[in-house]
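There are two complexes below, and they share chain A, which is joined by chain B in the first and by chain C in the second.
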Partner chain A sequence: MNELRRAWLITLKDLRLEFRTGGRLVAMIAFVVLAGFLFAFALDRTAVAGRDVAAALLWLVMLFASTAGAGRIFDAEEEEGAFRHLLLTPVSRPAVFLGKTAANLVVIWLVTALAFISLTAFLDVRDQGSLAAHAAVLLPGTIGLAATGTFFGRMSRHSSLGDTLLPVLTFPLLVPVIYFGATSTARVFLERPWTEISGSVRLLWAFAVGSVFIGAALFRHLTDE
Partner chain B sequence: MSTRGRITGLALVTSGVATILVAHWMMAFWVPNEATQGVVQRIFYVHVPAAWTMFIAVGIVALASAVYLWLKDERADAAAVAAGEGALIFGAIMLISGPLWGRLIWDTYWEWEPRLTLSLLLWFTYLGYFMVRGSVADPGRAKRFAAVVAVVGSLNIPLIHVSVEMFRSLHPGPVVMNPEGPTLPADMLVTLLTMWAGFVMLFLGLFTFRYAVERLRRRPLPAAAGETGEALI
Partner chain C sequence: MTLEGQRLVCSYGPTRALGGVDIAAGGGEIVAVVGPNGAGKTTLLRALSGERRPDQGEVLLDGSPVSGADPGWRGRVGLVSHRAGLYRKLTVAENLNFFAALHGVPKARDAVGPALETIGAATLANTRVEALSRGQSQRVALARSLLHDPDILFLDEPFTGLDPAAAAALESTLRARRAAGSVIVLVTHDLRRGLGLADRVVVLRRGHKVHDGETGGASAADLLRYFTVGDPS
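And then the complex of A and B:
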């Protein structure tokens, strides 16, 4: 059984656990819907058009939701001692990281889809641009968020500061994702040509691929028990 | 701490402080006012050397952390801690002096400018480095986690730099480290380099002492007096 197959099994196991218990997913969904609702209330739309700020708010909601969820990725396994057993199986550390990142990514996709729908609805953004172009921007961005969250989520699990530590560690690293993601999404909303967006998307892919590879390479240092 | 180490550390701190005092005298009385910015430009002689010294410290932390992850050598981790504190101190000097200068010449405390933004994010990364060290109960795990933060933080620098470079920039271009050589007048360059030499000596002196303290702190304690039958005094 190769490592990718093992990683895939970990992803399926995590997703099954996620959908059966539902705690983290429900909390993240509630967060993005309520955040969109509150942003709509907080904005004076006689002064600022919803479409002008929707991209920035979407990426911030995704960032906050994924950071809040990252602290809980390892919780269920740690409480039952199952993570130690997982490490004792003949699965490499990179495969564990990839499996967990993929499961986290699926959860972030669901949350992102809901954040997109709720924000565009609450902010009354009628011309949303091409959905395929949105997906092309959001895909590498969410991979970067998922890999970084999974990596540092493991670290915060052992810290007495818990989830308070996560933003301090992840936000400085995620500046490129937020910058390139929010500017690209804003341009998609404005239906600007893809040539104005493709450069930023390439950099989002660079971050996504880099964070997955670096995370996989360094994950063993976070799991050497 | 060995006598040699103590003498080296003391010599570096003393000469560093003396050089900084001389550089302050040069800054106040010797170097002329810059033509466009006037007296305000003198903050430059503190701001720029502090930034350069912070980047030296950051380089040492990243290198020592990578060595620690590779070899699990306690000396590398002690060096990373000692340099990390230097990075925070000199980074704080740079981040305080920069906005003060900016407020007077740009009429704004903060400008979304590549070097300024990169420095702020690096500073927060190193704050996170010490938060990890202080909040993870198992010392071995805390060292590993902190080393990982330092390595990941340094690997992200190029991408942060590219992202923030796309913002409009007010920050002056390089006047010393540019391919055509320094464009700064000689007296200004001498003052700048004197201050930098003072900062680097002070940093290396503090690094030497802090490294020695960190090594002493990790030395195994001798057996308790009661166990060996020795008197306490």
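And then the complex of A and C:
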């Protein structure tokens, strides 16, 4: 059987569990909405325009939400020991990684969309720029967040420090994503020409593709004893 | 077909769980592995199934080394562990369909019904696993292990939590698999049931094999003697 088909089966299974369980998704959604709400109070908008800070806040909210969610990606797998049975099927480890990353990506997309809506609403950002351009920036950024979160979410399972370890491992690695993502999104908000943005987006794609390939290649070291 | 573990050594940090165990199981044979807690039974099963790479020694099938890293090997193995290993929020049918599809079973959905009928659980198909009793979960786990028609079966305490009818159904299934030529390695604390079902019994103690013989004529009391007497190292 095609490994991509197996990865797809894992994605479907994870999403079905995600929407039935709801815990991780609800927690992430609550976080992004509350963060947007609190930022609206924390910012003195007579001194700072919402549009000037929305990009940075959006990417930080995405980072914190995805990292918090990453710690629970493997909860359903470990709950009854199902993961060891999944690993005993002929599925390859890269396919397991791709399947779980794709499911994580869908969740991050939902959270990102909600974060975008809540931040622009709470910060009163009326001129948002092109939504297509926002999507073009956010797509590679979220792929990088999903792949990194899935990989280190698994790694944190092996550590006695658990979820505490996740930000320590992921935040330094994700500095390029946050930097290029936030600056690109800021320029989209300011409706700057795409030529000023495309270079950063190419770097976001390079990070996304690199993190998916490296994660897939190394994942077996986190699963096989 | 012969499955062999040769000089298997497995350690968890400084603790040596298996200290060089040799074991063999032939096609059409049920081998029961028994021993006191901490004897290394589950570790032996994990090493044989390829779930855990032994620190030393190797697992051979018909004289050729096999490894859990080989998808072809994993496709030939069925495992029932003492935890059911099912997704609690999915229904029984969704669980089985998922695992059957990952195993590449043709028409995976069509394979689920007969598998459940085999273990007398056809009525549970649309029940979420979280609503099942321990015994029901164990039966579904058995059905999952048989979905891809493996010729090598590993069972770790499969009778735990089963009512007498389910235990009898499991025994009947294992006898049928034995008759079909499967290799079956069974870890159990239930000495009487193990002796009644197995062709051969291996006793482990403190990571060492202290007895390996045919079950004919042996009693549970005979085996218990190996649990405590002598220095296995």
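Simple rule for what comes next: the second predicted complex is superposed on the first by the 225 of 225 C-alpha atoms of A that agree within 3 Å, B and C clash if a C-alpha of one lies under 4 Å from a C-alpha of the other, contacts with A are read in each partner's own complex, and residues count from 1 in each chain.
Just so it is clear, a contact is a pair of C-beta atoms (placed from the backbone, for glycine too) under 8 Å apart; a residue touches a chain by one contact, two chains touch by 3 or more.
All values reported here derive from a predicted model rather than from experimental measurement.
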| item | value |
| --- | --- |
| Touching partner for A:L15 - first (chain B), second (chain C), both, neither | neither |
| First, second, both or neither for A:I214, with chain B first and chain C second | first |
| Partner chain(s) touched by A:R6 [first = chain B, second = chain C, both, neither] | second |
| Which superposed partner A:P90 touches (first chain B, second chain C, both, neither) | second |
| Which of chain B and chain C A:G81 touches, first, second, both or neither | second |
| Partner chain in contact with A:D224 - chain B first, chain C second, else both or neither | both |
| Touching partner for A:L173 - first (chain B), second (chain C), both, neither | first |
| Contact residues common to both interfaces of chain A (with chain B and with chain C) | 224 |
| Residue numbers on chain B that touch chain A, as the complex places them | 69, 117, 121-122, 124-125, 127-128, 131-132, 135-138, 141, 144-145, 147-149, 151-153, 155-156, 159-160, 162-164, 166 |
| Chain A residues within the chain B interface of the complex | 151, 155, 158-161, 165, 168-169, 171-173, 175-176, 179-180, 203, 206-207, 210, 214, 218, 221-222, 224 |
| Contact set on chain C toward chain A in their complex | 46, 49-53, 68-69, 71-72, 74-75, 77, 79, 81, 83-90, 94, 98-99, 101-104, 129, 144 |
| In the complex, chain A residues that touch chain C | 1, 6, 9-10, 13, 16-17, 20-21, 76, 79-82, 84-92, 220, 224-225 |
